[in-house]
Amino acid sequence: MFIKKEANMKRKLIAMVVTGAVVASMAPTFTAHADTHTVAMICDSSISDGGWGMACYNAMMDAAEKCGWETMYSDSIAQSAYYDTIVSYCDLDVDMIYAPGNQYTDAVLQAAEEYPDIAFALLNGGADTPAKAENGNVSSLLPDAKQIGWIAGALAGLMSDTGTIAFIGGMELDTTLAKYDGYGEAAAYVAEENGKSITLLDPVYSGDFSASDKGLEFAKAMMDQDADVFFGDASAVDSGARQAIDEANEAAGEIKVYDIAQPADLLGQNDCVIGSQVTDNSVLIELSMKAVEDGSFGG
Amino acid sequence: MAVGTPQTEVLRMEHITKQFGSVYANRDINFDVRAGEVHTLLGENGAGKSTLMNVLFGLYQPTEGDIYVRGQKVKIESPSQAVKLGIGMVHQHFMLVEAMTVFENIILGDTRSKGIFIDQNARKKEITELSEKYGLDADLDQPITELAVGAQQRVEILKALYRGCDVLVLDEPTAALTDQEAEGLFEIMNKLKGEGKSVIFISHKMREVLRVSDRITILRAGQTVETVNIGEVSGEELANRMIGRELKPSQYIKADSSGETVAVLDHVSYHKNSKHNGLNDISLRVHRGEIVGIAGVDGNGQSQLAMLLTGNIAPEEGSMDLKESKVVRFDPNGFIQENVSHIPEDRNKAGLVGNMSVADNLVLKTTRDKRFSDGNGLHLKKKAIRNYALEMQEKYDIRCSSVDQESRNLSGGNQQKVILARELEASPDLLVAVHPTRGLDIGATRFIHDTVIMQRDLGCGVLLISADFDEILEVSDRILVMFEGRIMGEYSGKNPPIDEISHAMAGK
Amino acid sequence: MKRKGIGALVIVPLLSIIISFLIGCIVIAALGANPVDAMRYLLKGSFGNVRNLGTTFSRATPLIFTTLCACFAYRCGVFNLGGEGQFIIGAIIACYIATKAPFTGFPAILLCAVAGAAGGGLWAAIAGVLKVWRGQNEMIITIMLNYVATLLMGVVYTNWLRDGSVPQTVAVPDETQLPSFFGLRATVAFPVAVIAGIAIFYFLFYTSSGFQLRAVGLNMTAAKVNGFNVKRYLLMSFIVSGAIAGLGGALELLGTQLRLINGFAAGYGFDGVAMALIASLHPIAGIVVAIFFAALRVGSTTMQTATGVPTSVSDIIQALVIVFTVAGMAMVKLPEFKNRFARRARKEA
Amino acid sequence: MGSFIANLLLATVRMASPLIFLSLAELYSQRAGLVNIGIEGLAAIGSLTGFLVSLISGSPLLGVLAGALAGILVNMIFAYATITLCAEQIVYGMAINIFAPALAAFTYRVYFGSGSELVQVELMGTLKSMLGIKSDNFFVNLFLDQTPMVYLAFVLVILTAVYFTRTKAGLNYKAVGEYPKAAATIGINVIGIKYLSCVICGALAGIGGAYLTTCYSKTYVDGNVAGRGFIALAAVIFGRWSSGGVLVACLFFGFCDALQIRLQLVNNTLPYQFFQMIPYVATIVVLAIIGAKKAGPRASGQPYRKEER
């Protein structure tokens, strides 16, 4: 028995080594399209999530179209795989890595250090992030999360009849928290102006950006607590919430509960959507592309 | 189905050959059954009786040969076909679903009655009629687990009759029965004959074969020797033809139990009220250099007795001494350290690790031993183990392709020899042997008996548990009879009172 | 019989791999990409250059640990599907020590490793106790414990050890990070994993305890009757396999991930089980299989980025490898198959 | 707070329904002696197929049927390997769990390409909406505001109970899981029933998955089965291999889940993950308490070989 197994093991080893060798020998020396510029996007949520991922992807596409760049992307990648993915793009000699989210900061900085010639555009990065990059090849594109929250909050303050409004988050990102705060402040302010009081329910988190069924259950539960305006920052999860809201409105026969969508324009997709917080990131990306082309990127 | 008049042939098997891989289990066997007769298949274990019946019953497909039922050539591809052809079989190991009741087991797979639902009343009525007609009493709503072996067998027969069989195969039916129960069975068989049904009776017990058979077909090494009518040949003659050589009855010299005691049970009880799996106030002692035989029908507490004496279970009442010291902790390892050896009831389940090699099984208990490892088991000496295994293979005549062969691929006899080697090489003070020769052919049985006797003469105390009365009589120096967890009596091994003992075995 | 035994255990997996890749190529071609290119990138990404080789090894390291975890448990007949949870618990503990302990450097690393292993062991012991004393099915318990561990980790990186803006923990201080292995991306965790594998191999096949443990796994009744302390071995197999996973988690944190984040160790447990089985529960073979799968994954990232073929293609290839290998292994064990083989063998002779 | 309880119960039913399908799938498999831990994977493929078909055909019902079909097809791999090739069942379940979700994710990506907004599909209408009832009474909601699938789930539970306790076929089916050799000797087609069990199991698991995308959530996202397949495994043990018990178990898990969502709202001092743990911890605790006095079908997990010696 023992003898048998050992032999088996040895053979396996040999087999593997051989494969390895063959591989190494046949591996071609790879060079990416040198003439045109290329931008590669990484995203932890799906780029077809009807939310953040989608918005950021489309933003990249718009910008790339304007500047005549080629695009690549990987989506639905685990946080633990950020770095590997970025690096494998760098190995393909792309000109710019586009990372839409603060959560990519560490991976980006690490890669930026190893690939000084490649530009890294970090959406929602911290204001101090570029300074951290030794090669000065990281720029942080910052739409103001709090502002987004304010606008949504103002809308909510106006629309809410019950005086209770709700917020559903994906992960406890700072931008998410900022949106929540702005949302609450603005709503309270607007409400006061109109002589009514607003209570904002505590934020709930689905822990990811994909569990639409959780969004649905959250929304139902929150409507039980009289929430009648929803604002979400959880991509696919929000769609679940909108579904629940639509059902409720249907049951009531009139649209009494509203949802504020973001970051892309979802008006008309669900009856309950009274407005979309559209953040146009494409402009920001376009700027960085121009910068890359005339070599003024970073700094 | 039409009841055939005597002498009309209902079944014939021609030139049946069945191969398993390279092994021939049956080779060119011819065999026929007439209506209203009991036809015995006689042959020792491994002669191919069960295989032949499994072929007849559609469990195995014959490699060659044809089967005729009522003159029609048939191909039996599944048991359901066999059932349709009116063949019923009671397997040696009962085919009863323990999680179900008697009733459910009987109607299981029922194809005759219409409808999707179970019509309890109608079915029960049919069954009760049957059981009254053949005197097969059974409580339909009892779960199988609560039935004694004899009762389970009656359920099996009912099952077959309920499916309307006219040829009933009984595979070693008396192995687990008391003489009384056996008598009952024979009456049932007579009733069946009376109804024009035929019985194929499989056995190697000469006494009952001579008692119930009309015709006897002898099988040896997978081949037909001949078919004889009852009364044509004597018992010894049959036996010799079955084995293929002159069988001289063994004569072991019986020892007397005078040596110091190695094991003493003092009013021990375990699951007192369970008739079949309990011990009820048992007291016994085993001395050095004697073989104490525990006679009795299976399932009267023998298994528990064995487990207790090997430390696998602890008594609920009473106490036990091993050699001169009282046992405080009952765990197998402790007993092994005290030089207790054990030939377990089920050699595959409890005796061997089937997927390990013969060598590994030989050293199963002793890998920490200096001979086989350094540093108390920190490094196994593979070579030493192998050499030891080869030595044992020689000494105990273990037939295997190599000591690295997985032990589950060995024949029953050789598996038992592996266990014997392992247990006896520990030179035990107490050896507990449970059904050590069950299912073995005469050669292997003889070998095992000889070795055990030899061990006895070396001063080992042996407790032999066996349902095979002849075995008990042959080798025991002292005979205890167990019935429903109690000891019914003690008898000397020298010219024992056979009738008395068999009465005791029936609880009288 | 024996000759076939050896052959099958190697041929079947290799054959399965080849078939799986062929199917993969067909799919890729169906997607309009050039399968040959795709395969090139896949291979380049995994073995193409030293850096990628390093990446492959570093990806293999955690898989090796979970594979060994499964090997060990299953050798004792314990279906521990909780490798992932035990791995995570090990990482959580290591994370606390590395970031909170007053000292850094080697002593911290050592403490992390030991405590991580202990934590993983204890986590597995929950299931062990429930099996041994409550007769409860370990598969379900360990799976449930996986979810609990993952969520617990969530608490740690979103609250308790959160580092500022993003739900992730503070990074392990530089002094406490594992040194790189020959300047590769892989850290010394890799050789440690290999050594662990060898140690387990030795234990299982060259020590009395390992021998008895296997006996328990193969036939519990016989083991009990022959005087082995079955309960002890069962519990031990839970704890040790858990400890292996826990150690893996600790080292993965100190070596590669450096912080707890969403998606840490996702799926490692089940991967380990599958790989252990492909390696027919042999620790050393397990290491090889783990490296192979790691290569497949690292390569698939490059393949995806370069050709735009979805990564799920490589997931499918991996799944197919498992599907075919397991089926193949079973097939060669069938009596019919054996007989046919036996006859052929006889003809040859 | 009365509405709190009411809505809690409604949510319980909502969340239990998919579990019921998956648990019954596992029950049928184990009753025939096949432990299939691949339910999670089967549900995943069923979920996607259901989504696609109801999207294309515009009929959720068709989607459910397609989901069932997909479940069956994938489970046939399991069937062939474990029944015909006698492969280790646990192992093969694992293989399915890795294979099927990968296939689902792949198909979705290939079909929808990238950058599209999240595709939404019309859900199956509830009886209430079909009957055009407007009332918002709790009992109306509980008993009428459910999709046909929910009623199907509960009907299946009853049918299963009847099948296993009252019918001949059910008796034979159980015998296969308990003692296949015995079953074979009385002419029951063991292999046949085992394959049948895989068809039933695959179909139910597929339906359970399809439920998620045709009756529950309008969208499909990878990993939307979210461990329900494993909970189902627990539910069968918890439910003592009886359909009634399984139902109770599923409702229990559904309740825990519904409760945990609401607790998150009420309380915000504790990290939300702790609430998400509730269903799993509850499972462990309950299993630990009830122990495993009654083991399942005798022969479950063991391969059955026709001619063995």
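Chains: A, B, C and D, in written order; residue numbering restarts at 1 for each.
The definition used in the following text is that contacts are C-beta pairs under 8 Å (C-beta built on N, C-alpha and C of every residue); 3 or more make two chains touch, one makes a residue touch a chain.
All of these numbers come straight from a predicted model, not from anything done at the bench.
S.K.: With contacts counted as defined, which of the two, C-D or A-D, has more C-beta pairs across the interface?
M.R.: Result of the comparison of C-D and A-D: C-D.
S.K.: Among the chains, which has its CA centre at the largest distance from chain D's?
M.R.: Using the mean of the C-alpha atoms as each chain's centre, the farthest one from chain D is B.
S.K.: Distance from the CA centroid of chain C to that of chain D, rounded to the nearest Å?
M.R.: Averaging C-alpha atoms per chain gives centres 28 Å apart.
S.K.: At what distance in angstrom does the C-alpha mean of chain C lie from that of chain A?
M.R.: Whole-Å distance between the two chain centres: 31.
S.K.: Determine the centre-to-centre distance between chain A and chain B, using the mean Cα coordinates as centres, and give it in whole Å.
M.R.: Measuring from centre to centre gives 72 Å for this pair.
S.K.: Multi-chain contacts only, two chains or more: what residues does chain B have there?
M.R.: 356, 360, 382, 404, in rising order.
S.K.: Mind pulling the residue numbers of chain D that touch at least two other chains?
M.R.: Within chain D, the residues that touch at least two other chains are 273, 276, 307.
S.K.: So which stretches of chain A touch two or more other chains?
M.R.: Expected reply: 2, 205, 207.
S.K.: Name, in rising order, each residue of chain D that touches chain A in their complex.
M.R.: Residues in contact with chain A: 3-4, 7, 11, 14-15, 112-120, 129, 134, 136, 212, 216-219, 221-224, 226, 257-258, 261-262, 264-265, 268, 272-273, 276.
S.K.: For the complex, give me every residue of chain B touching chain C.
M.R.: Where chain B meets chain C, its residues are 21-22, 310, 312, 331-333, 335-336, 342, 344, 349-356, 360, 364-365, 367-368, 373, 376-380, 382, 401-402, 404.
S.K.: Using the touch definition from the top, list the residues of chain B that touch chain D in their complex.
M.R.: Listed in rising order, the residues are 20, 25, 57, 59-61, 78-83, 89, 91, 95-100, 104, 107-111, 116-118, 159, 163.
S.K.: So in the complex, the part of chain C that touches chain B is made up of which residues?
M.R.: The contact residues of chain C facing chain B are 1-2, 205-209, 211-212, 214-215, 218-219, 221-229, 335, 338-339, 342-343, 346.
S.K.: Within the complex, which stretch of chain D touches chain B?
M.R.: 166-169, 171-172, 174-175, 178-179, 181-189, 297-298, 307, 309
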